[in-house]
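What follows are several structures.
Each of the next two complexes has chain A plus one more chain, namely chain B in the first and chain C in the second.
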Partner chain A sequence: MREITHDEAPVRRRSNWRAEWFRTETLMGYAFVLPLMLWLAGTILYPLIASVDLSLQNIKIIGSPGEYVGLENYQRALESPDFRDALKNSGVWVVANAVIQTVLAFGAAVILKQRFKGNGIARIWIILSWVVPTVVVVIIWRWLLSASGGVVNYLLVNLGLADKPVGFFSTGNMAFFTVIMINSWRWFPFNAVILLAGLQRIPEELYEAASVDGATTLKKLRYITLPSLQPVLFVMGLIGTLLSFNVFDVIWLLTAGGPSGATTTLPVLIYETAFKRYRLSQAAAMSVITGVILLVFAAIFIRFMSPAADAEED
Partner chain B sequence: MTPRLRHNLVLGISLFLLMAFILAPFYWIFSSSIKSPQEIISATPTLVPHSFTLEHYDKLLNESAFPTYLKNSLLVAVGTMAITVILSTLAAYGLYRLRFPGRIMLFRIILITYAFPGVLLLVPMYQMMSKLKLVDSLESLVIVNVTLSAPFAVWMLQAFFRTIPRELEEAAALDGATRLGIIVRIMLPLAAPGVASIAIFAFIMSWTEYLFSSILIISEANRTLPVGLAGIIGQYQIDWGFVLAGATATTLPVLVLFGLVGRNFVEGLTAGAVK
Partner chain C sequence: MRSKFAHVLVLLLIAAMVIPAIPAQARQDKVQLTLWHMEGTTNRIERIQTLLDEFNASQSEIEVTQEPQNWGEIYTKAPAAIAAGNAPDMLFAIPDFTPILKDLGAVQPVEDFVAELDAEHPFYPAMVEQYTYDDHTWAVPLYNMAQNMWYRKSVLEAAGIEVPTTWDEWLAAAEALTTDEQYGVGLPAAKNLYTDQVVYDFMIGAGASEIYNDDGSLRFNNPETVEAYDMYNQLLQYSPADSPNWAWGEAEACFANATCAMVIQFTVISTYDTQAEGDAADLGVAPIPYKEGVEDPGTIAYANAVMLLTDDPAKQEAAKTFISWLLQPENYGRFLNMEPGLFLPVTEDGATADSFWEDPLVVKYHDQVQTMIDNSTSGRLFGFTSGRTFPSIASISAQNLLAQTLQLVAIDGKPAADAVAEGQSIMESAIED
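And then the complex of A and B:
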């Protein structure tokens, strides 16, 4: 080995640690991600496979033996009016929630974007309805909307907006509408802070330049705001739809799917079938069908709604 | 009226309405929870309580199972928080600071698991827990809650980890620091706001979880707050004073946490979405 001159030494040392660094990098990368991947494999992938297995049997209660019955559960689910009604209700649920929450969230984001004293505090506390347990949300609204002594009915009657207390959960349509509104109240602030973050990233100069060119507010919305928000709207549209589809507790705790099935969405039906009617295999088949429907939705959404430039970094 | 004044007036009113829409219902349950039973059910609701009593809270803490629910919820939330923080921080460091083949695909898989509707796991998860003899245990809830919160936590950490310059790590490595040393002494302190926000996220996720808790927990002694409160409002005759005190007390820990690190939390929530 020849002697290292003074000029060379630092360079050489540098390349050594670099080589070492990169050699271990791949290994370390996998090692760091591995624990989480194993955890998710055990708690999502394995149950998913198990549910396909379960759906092919005729198990009613956990622990009881079952035998393989082929696709019988699938056939029964697809033919049952309950399943079709729940599918339809889920469709209405997702669309109504998306529309109401988008309108409310956009309004809230525009208000919060303005400069005013204390806007930092307002931007944080706005999502209070999203961070409290659903059961608290349910208690709040059952109390506010109660037919006897509820403050909403008191105001409606005394302001002359209703002749008698409104039964917010009495008819199917009314109950569904009420639950959608309550869920939207819970979720729109979350969407609002996401939209707000998107709005804040649009350079102010774009709007100023457009004003100089004489663009109207509507034109600015159409040509500046919406295109700039596209990546955010894409994420909100995809993940928001899946999360909104998944909502169970607010419906279950307010109406238990009633009156007479009017608010029974697919999650409620799956829960009911498995744990109230004790048809575990039947519920597993419904879960698998639902999973396939959502997968198709996600694939179509990604295919047609993806922002033009892929937002993924490097 | 000048345009400037009008703008401020419109802004002030809409801001007031927006915040009242979110916060007034919370004021309403709190103020009702300290009213006397007669005032609570009176036909004319009172905005400011005319009576003051702590009897509902007294009943909640001394004559109901609420303290047990609270203890269970705290145990589950702290367990969820600890495991989520460890798993997600490790994964986030790997995904955002190291370069290795398949990294982007792994990142996408984690994102998919976040958007994955939990209700599809309900039946097989119950089956799995029953095979593992974990039904009716708090451990089962910790396991589920980590699965529900860790993927999003990784996403939240993205913005925090990416802002730390790579040169810092290289300089430390040049000085002979080990990977572990770099993570503990450089990365963690710099990513601390991010780690705090995912800890809060995991806590809140666990604190609010109802779906899985309602089927995995069977005995009264293992109920968490959401399941316990749901049992109380499921009864035919609702004692509103008691229920509202329970709802207020359940909201309180969230308020405290949120007051402490709400800013980081909201930052983390939005950082993932807009990058």
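And then the complex of A and C:
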């Protein structure tokens, strides 16, 4: 067999690439994907371009005319204390939700993995909070936590745990904590189901072997469970963060960003700017900035946290 | 046999295609009107539908259909619908909502039509004034709403307290009525329309009902307004801890379950009757207390109205026919009583209409409803006072800046004077071009 010289190699690769590209199967593949690509371009790319275009104008209310003002809206957003506060709130929101939901989900998944009577019912029961529509969840919690007739305050006072009814939405910190807990309560079952699926794929033999070697529960967690769950945790971390960052409904319905802006995250601020303050172009600029922030986050997360990246480094 | 079957099948198919098309064709011949309103509770939708069915049955060439919306979304949805060319033909409004759509060029002037109606059913002048500016009237008033102070007579009697009329009496009453099981008063402090309204009640009570100077500049930052916010904040200590998150429903519930001794509301009659004692003799309603010495106390009150958005002459005429029909006394009272005791008449003959006063709930709470009507005569609305209208109030109202200023005091702990100064600054920024 004749060896390929250094000069010939790129030519061969190029011709292979061309041959590959013009293969009927490849073309058919692209033909099948094309409608979806066009659909995505129409539903995502066009609105994205329209948002950028909008952000460069000074349109206030939907349907009103505007003029191009360059990057003025971006400058205004970046200099705005409201934007900075909302960005900070969004950061706290994402981290707090991630930590609380992961801990709760992991605990629930470990329990649900055990064999016990009623396990099947428990697995269905746990996802109820996730299945119930957000608006119903919010109304239930608002009434449960009410300081004038709410069950939670009734129990707190009658069990002697509080002198008087607690205002769960009365101060900024308390309101933020309460909204985070309600959102975590709503979403942790979803994460629990994903983690449960991951846990069930870990061979029992690994734990048995570790036990034989005298490994403690913590060591099993450190050296078997967590490494095995890494692909699942990676997906949860990436998708969960993006979803969590963009949560609007729970916050808006519970506090509308209050009191005094304490629970105003970026999605809430963008909505307020567009539809309460009637500054549509400013809101579009904030949306674009938010999009860039999330894009950068996703790129960094994938670069440094993906199991594939770890494997390469190893 | 097979041929006969085929013929029958063809006839059936033709009939199936033609028969449903007949009423559809008949509908197409009629002028179709779409009405958007924000009275989204089941009983209100049902009452409006009953009236629409009656109206549609009485008309051979007009058909009106309703599409209920809600106040939380309409400020967003209506401009979007107009931009998309899907606006309704008629849309209910409150005074500070109208300028937003009017500035989009979507609202038809109706001063001639209002004058026609006024000749037949005289409007209370203040109701029309709230929709009259820039040389036109932009909506037809339909019903009035005014806030009042609600209480249980037995609760005040048990505490040996007279119904408060001044701020000092009110503060003392709230303190005396606050116990382990009861809050002296229920006041909202959320950043929403309800809080805006109650804050404005306090501003009226302090003699600070004028938010604008004659030249249109803001005069929100003044000593009377500061006093109003200070008083509000003092009373909040006797209000439930979660009132920074209250909307109308929480206040009504607090009163209905007897956790709040006094609340400021348009009405509590419906919830009190269905979810509380329902003892008409024990339900008290009074004017909202004011600062002693203020000469012209009152309450927030405003007319809800209907705007014509269609520019089609045939649809405009059809809409006018519908509105005229609705304001006929025999229909109007039933329209108002879609929520008995909440919606008050805007026409003189409506105020005496049997159809209004004969509703069972209105009969039962006759005294309270009469007091509400009396209180409404001293009503006014921020941005629409003293016969002057300042459409830029729409920006202040849409962002709930009166309520936001309250949160600076009640949540952030700023002195009322600083908060009001900051409030004016935020308002100026909101209305700047």
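Rule of thumb we're sticking to: the second predicted complex is superposed on the first by the 270 of 314 C-alpha atoms of A that agree within 3 Å, B and C clash if a C-alpha of one lies under 4 Å from a C-alpha of the other, contacts with A are read in each partner's own complex, and residues count from 1 in each chain.
Going forward, a residue touches a chain if its C-beta (ideal position, glycine included) is under 8 Å from a C-beta of that chain, and two chains touch if they have at least 3 such contacts.
All of these numbers come straight from a predicted model, not from anything done at the bench.
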- Query: Based on the superposition on chain A, does the combination of chain B and chain C result in a clash or a fit?
  - Reply: clash
- Message: Applying the document's definition of touch, where does A:Pro227 land relative to chain B and chain C: first, second, both, or neither?
- Response: neither
- Could you tell me if A:Pro203 is touching chain B, chain C, both of them or neither one (first, second, both, neither)? neither
- Message: Quick check on the superposed pair: does A:Pro165 touch chain B, chain C, both, or neither? Answer first, second, both or neither.
- Response: second
- Task: Using the superposition on chain A described above, determine whether A:Leu128 touches chain B (first), chain C (second), both, or neither.
- Result: first
- Task: Answer with first, second, both or neither: which of chain B and chain C does A:Tyr154 touch in the superposed model?
- Result: first
- Query: Touching A:Ile111, do we find chain B (first), chain C (second), both, or neither?
  - Reply: first
- Is A:Thr255 touching the first partner chain B, the second partner chain C, both, or neither of them? second
- Query: Who contacts more of chain A, chain B or chain C?
  - Reply: B
- Regarding the shared-chain residue A:Lys276, is it in contact with chain B (first), chain C (second), both, or neither? second
- Could you tell me which stretches of chain A are touched by chain B in one complex and by chain C in the other? 62-63, 142, 148-149, 275
- Message: Touching residues of chain A toward chain C in the complex: what are they?
- Response: 61-64, 142, 145-149, 164-172, 175, 254-260, 262, 272, 275-278
- Spell out the residues on chain A that touch chain B in their complex, using ranges where they run on. 14, 17, 21, 24-33, 35-37, 39-40, 43-44, 46-48, 50-51, 54, 62-63, 107-108, 111-112, 114, 116, 120, 122-129, 131-136, 138-144, 148-149, 151, 154, 185, 189-190, 193-194, 196-198, 201, 231-232, 235-236, 238-239, 242-243, 245-246, 248-249, 253, 266-267, 270-271, 274-275, 280, 283-284, 287-288, 290-291, 294, 298, 311-313
- Query: Which residues, counting only chain B, touch chain A once they are in their complex?
  - Reply: 11-12, 14-15, 18-19, 21-23, 25-26, 28-29, 32, 40-45, 86-88, 90-91, 93-95, 98-101, 103-104, 106, 109-110, 113-128, 130, 143-144, 146-147, 150-151, 154, 173-174, 179, 204, 207-208, 210-211, 215, 225-226, 229-230, 233, 240, 243-244, 246-247, 250-251, 254-255, 258, 262-263, 265-266, 269-271, 273-275
- Note on the structure: Within their complex, chain C touches chain A through residues 75-76, 79-80, 82-83, 100, 103-104, 180, 183, 186, 189-192, 240-245, 250, 253-254, 257, 259-260, 395, 398-400, 404, 407-408, 411-412, 430
